[in-house]
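Heads up, the thing below is written out as structure tokens.
Chain naming follows the written order as A, B and C, and within any one chain the residues start at number 1.
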Amino acid sequence: MSAFLDHLPEFWEGLIVTLQLIAASFAGAVVVGVAITAMRVSPVGVLRGIGTAYVETFQNLPLLVLLVLAVFGLPEIGIKASLLVTAVVVIALYEAAYIAEALRSGVNAIAVGQGEAARALGLTFGQSLRHVVLPQALRTVIQPMGNIFIALAMNTALAGAVGVVDLTAAANRVNLMEAQPIPIFIGAGLAYALIAACAGFVTGRLERRLVMIR
Amino acid sequence: MVSLKRMAAVAAVSMIGLSACAGTDSGSSAVPGATKSGSDLLAAAPVAAAADILPGSTMEKIKQRGELIVGGSLDAPLLSQQNPVTGEIEGFDADMGKALAKYIIGEPKVKMVNAASETREALLGNGTVDVVLQTYTITPERAEQVAFAGPYYSSGLTIAVKKGATGIAKPEDLNGKTVIAGANTPAIPAIKKLAPQAKIVTFGSDPECMQALKQDRGVAYVQDETLLIANAQKDPSVQIIGSPFTSDPYGIGLKHGDDQFKKFVNDWLLKIQADGLWQKTWKNSLGTVVQGEAPTPPQIGSVPGS
Amino acid sequence: MSSLLFDEPGPRARRRIRIATVVGAVAVLGLLALAVRQFAANGQLDADRWQPYATWPMWRYLLNGLWSTALAAVVSAALSMAAGLMLALGRLSRRRWVRLPAATYVEVVRTVPALLLVYLVLFALPRYGLDLPLFWKLVVPLSVSNAAAFAEIFRAGIGSIERGQSEAGLAVGLTYGRTMRLIVLPQAARRVLPSIVSQSVGLLKDTSLGFVVSYAELLYSGKVLATYNGLLIQTYIIVALTYLVVNASLSKLARVLEARTPQARRPRRSLIRA
């Protein structure tokens, strides 16, 4: 256990980076995911096509490949950002595809009458999306969103492979020095489990407060 | 600058293209700095006298099996790099493995087990591999878990920077700067020791580290000298600072306590150092990027732990 | 074209749609063109940087990697599905001592990154004398983590079968086990088929962790190729495209399967046109 306690500062720094990765990329993923969903239900064919292509592409590529490509490829097209920012953007774009899928099934779960009613009231496409469809869709997908959040938190570990010193990378480095894998990796695993448990707790509360009885 | 790089790339590519068009699986290497398959080299490699293969020894076991199982890498240029065209593994470590196999078995038959650097002790301990040839630095700590024959080669870490960069002349200058290193390489503890305030960024492979250096992800890249020399030759936008600041004697990892086998391998090393095979192997791999004659091979057993 | 969220567009709306189409297309194409131009300006599109990938040996090497990827994915999919089914049944068991461990396993494993499990198998197990061959160093942690995901899929599937089905089974005198096996599971399996395929695609993507283990799957093969020819970006683009083609085909297969299942009901009216 001493290997874990002796290196608390390193673990702490890694944990902070992991939390930054999770928070920033989840926020980004929600924004992009909602935008993609809006595109996929829009009347403009090109936008629907872009939305579908986006989801197909990002769901079918391993995150690790995307990370490596972005870190080394983006500077070649003139986009230079720090490793942390690059990782946040890539993870956000990647998870946005999953959020868009979840939202789409959420939209599909809404009774058709809701859309018809919105139209009958004379709401435009944008208005019915904003006031009627998306708020309901967001509620039905709280549980799936919680799962995506947990998956995203787990996926941030891959940022370590492209030079970001997150919790997993910090644990790996400490292990290289101390060679005590069991306490080191189990300690890191507990931290992730704690993050996921918090997410589970929050989604549980949200669901109880917001869920609609049909 | 660019044109040189491009020329090298053109040469490399056209050779790949040629060998592919001709449909031959010849061992001719496509990339400057990589090695030949070393078959002419192995023709001259010695074979142990039957009397040296003691009954009941590890050597006899290997000879009866008909192949030597080596723990090594697929992606260490100049040392142990798989050539995708032929599937052969090429480089100094790889050739040493083949020569050792020929010495024991009579034929250079090697089975390569791709070893992660953290699991080498375990691979030797439970007998998954016979020997480890993988830039395995001899240290007294490691010698408590494995036996080392050799050292068979001595190398060291050095620093590469972008051409024209200033302010870095020795490892201590890295303090407070961002330094690139290969993940899980000895460079990480070495930097931590000499420049504790340096911020280390790690990437998975040598070309990734080089790309990162060129894209300013860090001001310096610490890596084994030979590898950096090869990189600087291929890529003129990078230069090397000074001479190596560490000394890493590489040993051949063997099962702990197998003194019989250790003596056998050490005798073989002495033999190939004396008859010039060691020097030829060096010329054929590392020597393709380093100017001058082969260095004097390190003295067997000269390092604590060996 | 019709959707419930907007009317059949009139002349003005149609003009607006046309404008949006043009603007959207121009924006996307413009961005792409800009990226490609920058990329070319940096010499990354030079023919000699791509030509190796017009030769067979490079592809042979990558396809070997793809084969290893497929092998690892298939073996760990089989293992984790079997384990997942056991866990799902365990979680639904009436006996507490079966239910609790199964639930604990699923809840704990679901919240540990696969990469961390890989590190545990890679670094921790050898210290206790268990040094697995490379293949298993990748397959074991992937199976351990995906078993939890499959367990949840199966549990959801079993839960979605109407209660009357199992009640009817019990009523005609079948045991609990036979009711499950003969009535509930076959229906549940059909219902969760799409989720199983998409989880399998996820698993195939996870095999890219072989990069860390140095098991020679597709991404690691790309790494070896890049150290050999120095064409880092080109190699990873090719690797990415290969993953994309394989996984997109699998996803397509999933949709075909979904449409073909005997139970596939006529799609109910929904807000989104498929």
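Criterion: a contact is a pair of C-beta atoms (placed from the backbone, for glycine too) under 8 Å apart; a residue touches a chain by one contact, two chains touch by 3 or more.
Every value quoted in this text rests on a predicted model; they were computed, and no experiment measured them.
Colleague: Work through the pairs of chains, note which ones touch, and then classify the graph as line, ring, star, complete or other.
Modeller: Complete.
Colleague: Pick the chain whose C-alpha centre of mass, unweighted, sits closest to the average of all protein C-alpha coordinates shown.
Modeller: Taking the mean of all protein C-alpha atoms as reference, the closest chain is C.
Colleague: If I average the CA coordinates per chain, which chain comes out farthest from chain C?
Modeller: Farthest from chain C by mean C-alpha position: B.
Colleague: State the pair with the higher C-beta contact count; candidates are A-B and A-C.
Modeller: Looking at A-B and A-C side by side, A-C shows more C-beta contacts.
Colleague: Please compute the C-alpha centroid of chain B, do the same for chain C, then give the distance between them in whole Å.
Modeller: So the centroids are 37 Å from each other.
Colleague: Between chain A and chain B, what distance separates the C-alpha centroids? Give it in angstrom.
Modeller: Chain centres of chain A and chain B, defined by C-alpha means, are spaced 41 Å apart.
Colleague: Whole-Å distance, chain A centre to chain C centre, using C-alpha means?
Modeller: One centre to the other, that is 16 Å.
Colleague: Mark out which residues of chain B touch at least two other chains, giving numbers and ranges.
Modeller: 118, 204, 208, 211
Colleague: Counting only residues that touch at least two other chains, what does the list for chain C look like?
Modeller: 123, 127, 211, 232-233
Colleague: Among the residues of chain A, which are close enough to touch at least two other chains?
Modeller: 68, 72, 161
Colleague: Inside the complex, what are the residues of chain B that reach chain C?
Modeller: Touch list, chain B to chain C: 2, 6, 9-10, 12-14, 16-17, 19-20, 30-31, 34, 73-77, 81-85, 87, 113-114, 116, 118-119, 121-123, 125-126, 128, 204-208, 211, 234.
Colleague: Within the complex, which stretch of chain C touches chain A?
Modeller: For chain C paired with chain A, touching residues are 1, 3-7, 9, 13, 17, 20-21, 24-25, 28, 34-35, 38-39, 42, 44, 108, 110-116, 119-120, 123-124, 127, 201, 205-206, 208-209, 211-212, 219, 232-233, 236-237, 239-240, 243-244, 247-248, 251, 269-272.
Colleague: State the interface residues of chain B toward chain A in the complex, per the touch definition above.
Modeller: Listed in rising order, the residues of chain B that touch chain A are 118, 183-184, 188-189, 192, 201-204, 208, 211-212, 215-217.
Colleague: Could you please specify the touching residues of chain C with respect to chain B in the complex?
Modeller: 43, 46, 48-49, 51-52, 54-58, 60-61, 122-123, 126-127, 129, 131, 133-134, 211, 213-216, 223-230, 232-233
Colleague: Note which residues of chain A are touching chain B in the complex, please.
Modeller: Its residues touching chain B are 68, 71-72, 75, 80, 83, 161-163, 165, 169, 173, 176-177.
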